[in-house]
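The structure's right below; bear with me while I get my questions together.
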Amino acid sequence: MTTVFGPRLLLFIAVFVLVASVLPLWLSAYVLGVLTTAYYFGVFSMAWDLLFGFAGEVNFGPTFLIGLGAYTAALLDNQFHLPIPVTVLAGALAALVGGLLLAVPALRLRGPYFGLVTLVAVLLLQNAIVIFAAFTGGEIGMTVPDVLSIDPKVNYWYALAFLVICAILLFGLSRSAIGLILQASGQDAIEAQALGFNVTKHKLAAFSVSALFSGVAGAMLIFYMGAASVGTVIDIGIGVQIIIGAVLGGRRTILGAAIGAIFLVVVTEVLRPLGQLNTFVVAAVALAVILFFPDGLLGHVLRPRESE
Amino acid sequence: MTNSKHVSARLARGMLSAGAALALTLSLTPGGAAPAAEPIKIGVIGEESAVAGASITKAAQMAADDVNAHGGVNGRNVEVVIYDDHSSAADAVRAFQRAVSEDKVSAVVASYISEVALAIEPWSARLHMPFITPGAASTDISKQVHDDYARNKYTFHGWLTSAFIAQSICDFQHDTLVKDFHVKSTVVMSEDAAWTKPLDERFLDCLPKAGIKVLDHIRFNPDTTDFTPIFNKIEGEHPDIITTGISHVGVQPTVQWHDQRVPIGMAGQSSQATTSTFWKDTNGAAEGVITASAAAPGVALTPNTIAFTQAYEKRFGASPAYDGYTTYDEIHVIADAMKAAGSTDPDKIVDAMEKTHYTGTVGTIEFYGKNDLYTHAIKYGPGFVTGLVFQWQSGKQVTVWPRDKANGKIAFPASIKMPK
Amino acid sequence: MTSLQILVDGFAISSLYALAAVGFTLIFGVSGVLNLAHGGIMLVAALIGWWVAGETPLGVYGGTVAGIVAGLLAAYITYFLVVRPIQRSSAIAHEEKEIFVLTGTLLWGIMIQTGMAYIFSDNPVTMRPLIGGVVNVFGVRTPRNEIMIAVLCWVVIGLLWLLINRTRVGKQMLAASINPRGLTLLGFELSKIYLRVWTIYGVLAGGAGVLLASFLGVGTANAGQLTASAFSIVVLGGLGSVSGSLVAAYVVGYLETVTAYLISPTLRPIPALLLLVLVVYVRPQGLLGRR
Amino acid sequence: MSERVRLEARGLVKRFGGLVAANDIGFDIRAGEILGLIGPNGSGKSTVMKLVMGIERPDAGSVKLDGVETAGWPSYRIARAGVGIVFQHSRPLHRQTVLENIKLALLPDSLLRLAAAPGVDERAREIAHAVGLGDVLHRHPSTLPFADLRRMEMGKAIARDPKVVLIDEPFAGLTAGEVGAFSELIRGLRDQGRAVLLVDHNVKSVAALADRVLAMYLGQRVAEGTVDEVMRDETVRRVYLGGTIEVVERRGANAEVKPPLLRLEGLSVFYGKAQALDRVDLDVREGEFVSIVGLNGAGKTTLFNAVSGLVPYSGEVRFADRVLSGMTPGAIARSGVVQCPESRELFGELTVRENLDLGGQHLAAGARTDQLAWLFELFPILEARQSQVARTLSGGEQQMLAIARALMMQPKLLVLDEPTLGLAPVILEQLSKALERLRESTPITVLLGEQNVTFALPHADRVYLLEHARIVWEGEPAQFAAEMGAGYL
């Protein structure tokens, strides 16, 4: 394990988890609520970064996968009152299917073309939800009768545990054999093939993993929020926020993506007194970071170092 | 106030609030000397970039000032804390959490968007926070209170549900269009959205009862930009009137209806048409458009209406949107409930609000009870809230229904051919 | 009758789509930039045009001019403050410029959208038509403004065609889209050519924004949709192919109109989206694209 | 040598559209044997290598590895079956260390084995030491010199213990010393009993290593045999040298007294870690015709691109007393230094006339008409092809168009890079005549870069020989034939 994480990083993570898990002793329910949402967005951004940073696929529609997971879970809960774990599992499966669906064009198309397909996937999902409003609640969304918990502390710990588990798995994966192979195929697919790696297989795996995590996170988010709606989990604006979070934190670092996403949610809240203008300011800050620190806030810190 | 002043004022305010935020982030402690009696805080979540959403926060501010001018509540002042949710449900939930946990408000008034109201509802239940939406229309809001009263009783629906809006339009059509214009048939045209489902259901039920045959029922994609096909199709069916159910769109269909000289009038719910800027936004294409609304300038729905409208116009330079009236009333309703309860305990506030009988600017407000279908929604009907129906005539909103409140007569532009 | 209606209605909307998309495809073709702030730029033009037409004595014509100028300025800001710094940045690896330009223009688009919503509110607005009234076209009652817009779109597209194919400046742009290095070797400054292309783009996007405001109406909420529709049309036609974009604009415009007339107005955008996915999958270079 | 055949290729055909990149190519490589596959750019040698590796699918023919047919397999399967490849340009994992990059090649192609097998680390170290990277195990690729990157690629290729190793341009970008070390590595592969295919455009560089050589030209096999046999082969000599070297008597010798028009001093260019030019000094005097000869990869194109301002460099480039550094490529071209590049850079979708007009846009209308008329006289075929789209011209016509387009700018100095590349001999003759007339009828100064010595020498007043990023010889064409002719190839 230490070879994957490195002692310093391991220490950092341990301290972070320790501090984060005792925060509820001091912080108000509101701050915990913000952090809870932020942690789920952290997972979204990490899952996106696995696809972009490692498999080299620019997915403009992370909310397609998230939305599939979230709405599948919400529908099963709302219509059939299935227990939460079952619906989350079903959401994960639906997202997995969606991920494989996206992977098919990804294996054929490059750059902007694949990006557009992912964008269109979101638009189609959004339209489908509005058209089948009788089941989905349409544009105003639907409430889910079950919730993870009504205690903000418990919700926070759920989100934190989920974030930490996802971070360990995704980061571990990115540093594992598969992560190396994915990176190699993202950088030069022909060479990766010539080294004996079935790039198709590995890319499919990356899409599956990314979809799975997105779907589960999406489902858990709606059970935290208590309602699923287009504006919460599907809207392109949400997808943009996820991508910006990852780029802001430092793409290709997994952990940076999570931290960027959390940062973005928190900053938006801190700037809430600006009222209407906070989105504008957040976008401007993000643009400035991209222009002046293209490696992201944490790109440098999280790069594996040379150890001579 | 002209629009140019309005724009520069907004720019100036933007800089001010940016500075304020900076100051706020710099000063770490919320501190400050507490006044003798801490004010009672009410959270108000609006959408400043939307005309309807901006009316909520403005009217709330006015209402709070009025309450304070009349001695406040239980010896304490009322303070509204304003948030902007950028029309996003997720954003609104965080604002709601902030209001409850951070700013310790005692009640929340939020949004005209059904998606937002429905997203807040579970949080109102979880955090035991009295919450009222002054402008959303979805029937689901009150239905959920009905279905799980114990949990959701903190939510109130402070505007007519879409079913009642449809009913008021049927009543209007029956009272005026059928009687004065011999309208016998209609086509229902509404955007394909969840809020129009119960609206259309009620239309299809009550229009025939009002004596109007429904020739067709057209639902269109809310992303539609070109309405020509829809108007052409309707024209081909030769109805006497188009009954609308639109909110997401409004300016576009109206302008295209006007530009193409569609010879059939439009009457129904057109949310964008209720705003005071609609005339300018459509460059006058709104001439002849009929829509249901909460109130209209210069119409004394109650003795309080005109005073409020004038004060609002004086203070903000524009007339309030429909949810401005309801927000103003509902802040008073909440304040009265707190007075009656003698505390800010949420359960006591809810109990007191259920007993509300308050005559505000849109009518007399009472809420349906636990056993009614629409629990905690405001009561519809004569003597309570009926809303009104007005028609755009030469840049003015001329109220044409209910008849006893009307300040003008229906008049269609020449291009519209009525059966009379 | 219906088919005539479809023919006439589809034409105006398709022409407008074409005008909105052609500038987008032009900058992609010549400088390889996919500008996701496109909808925002149209929005600026539409709102400024509407405001000047309604609030100042300049009237509709003044508003039209002001809108186009505003669109041009917005395009310049996009180029100088977002696109060019990314293109020239040494800290961004070459193969990552594309994603940075996409993210950068996306963010800038969000800034435009929220900024405009702050100043003008998110109410959709429409500009007074340049000419009012309706005429009968093959028995279909058509607003004069709609005809004028279709004609104007084609005049502008025609002028663009002349500019590209018949002038020296146009030839340079054409050559830059085929082989920028070759053009450099012939003593031309690419930066100058890019600036010209962005100028043309700004005027086209500004014009399209103003016409959109007077035909269908525009609100800040439409910005994303406008970008997405231009993006789709351009990919459908073949990235960088101007004639492809024109064809694709008509395909999308008519497909939407036919769906609205013959199937259901609810499903309006769906067939076009499905077609897009299909074309991108089967023929990634688009209808008329090469490579 | 008596070992059995490891790799057997027969009748390989690959077409790209109308172009036949490889036509009926076949060869055997035995275990412990090195086969050199040589040919100039565009000869199809890289295509053959890709066909073997499965990166491209052959249209016809067979590739057998130890008797097993692998043609049509995906390349990862061919790799697993025992073929390794060293690419000329590779993109290593930048954020991983050298050791990790080598470990990558040792990983199983499995989704379930998340951690590498226990022995992998040790094995990766061994390989790193074997290829000479023992001291830089934990460095990042971006901090390594170019030669070490090539070593790393070599390490990756042999990590899987392949039976057959394909090496693309093994010595490109390496210094003379490094070439020696690399040759040793390659010999090591042979000694381990592997079959090695060296793909290069340069006979000389593989001469010392290869047991046998197969030469290709325009997709065809032109010669096969030992190095000596192939180097003596008439066709090969014609392909590379263009036949017998002949030198035309020089025009007026007054060029000596004219001032230098172009002067390069200490010009060095790096592509990342690879040094493409090493302190080059060079003069071109007014009215002079200077040829730079050198094989592909020697640095000619880099030199021209530095002059045209297309690549960053250190050192100084002066043109007519102006320092060119800091000027944009466009400004340099307008000042009179016009390059007609190796890649021609035509506007394929525009017509011949439009291509020419773009070149002439800087001229006044009258001058433009005159210049066009003169060019049509020089290249009559272009006049006939005026309205044809450039993309559809034949290779020779395209080359003439590229030269004519450059001449439309009325250059003071015409930089001509590899005009003969991939052209049939008959076209070369036409081109040669056109250049001759150009030289006689105008006061133009020309800097020509060529690997085809026979084409380069007759026109030249002076010759520079560029080898491995350095000028190694300078003199009169006649001297070149005498001193360097034999050793050049």
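The chains carry the letters A, B, C and D, assigned in the order they are written, with residues numbered from 1 in each.
The definition used in the following text is that contacts are C-beta pairs under 8 Å (C-beta built on N, C-alpha and C of every residue); 3 or more make two chains touch, one makes a residue touch a chain.
Please read all numbers here as calculations on a predicted model, not as lab measurements.
> In how few steps can one go from chain B to chain D if every step must land on a touching chain?
2
> Which neighbours does chain A have in common with chain C?
B, D
> Between chain pairs A-D and A-B, which one is joined by a greater number of C-beta pairs in contact?
A-B
> Sort the other chains by how far their Cα centres are from that of chain A and give me the top one.
D
> Distance between chain C and chain D based on Cα centroids, please, to the nearest Å.
43
> Compute the distance, rounded to whole Å, between the mean C-alpha positions of chain B and chain C.
Once rounded, the distance between the two centres reads 35 Å.
> Counting only residues that touch at least 2 other chains, which ones in chain D make the list?
none
> Can you tell me which residues of chain B touch two or more of the remaining chains?
Chain B, residues with two or more chain partners: 14, 48-49, 86-87, 192, 221.
> Residues touching two or more other chains, restricted to chain C: which are they?
Residues 114, 117-118, 266-267, 269 of chain C each touch two or more of the other chains.
> Quick one: which chain pairs are touching?
A-B, A-C, A-D, B-C, C-D
> Residues of chain A touching chain D in their complex?
Per the stated touch rule, the residues are 172-173, 176-178, 180-181, 183-184, 187-188, 190-199, 201-202, 205, 252, 303-304, 306-308.
> How about chain A: which of its residues touch chain B in the complex?
Within the complex, chain A touches chain B at residues 28-31, 33-34, 37, 127, 130-131, 133-134, 137-143, 145, 147, 150, 152, 225-227, 229-232, 235, 237-238, 268-279, 281.
> Looking at the complex, which residues from chain A come into contact with chain C?
52, 58, 105, 108-113, 115-117, 119-121, 123-124, 127, 131, 236-237, 240, 243-244, 247, 276-277, 279-280, 283-284, 286-287, 290-291, 294-295
> Would you mind writing out the residues of chain D in touch with chain C in their complex?
Listed in rising order, the residues of chain D that touch chain C are 308, 310, 328-331, 333-334, 338-341, 345-350, 354, 357-359, 361-362, 405-406, 409.
> What residues on chain C touch chain A, complex-wise?
Within the complex, chain C contacts chain A at residues 34, 82, 85-86, 89, 91-92, 96, 98-100, 102-104, 106-108, 110-111, 114-115, 117-118, 224, 228, 231-232, 235, 239, 266-267, 269-270, 273-274, 276-277, 280-281, 284.
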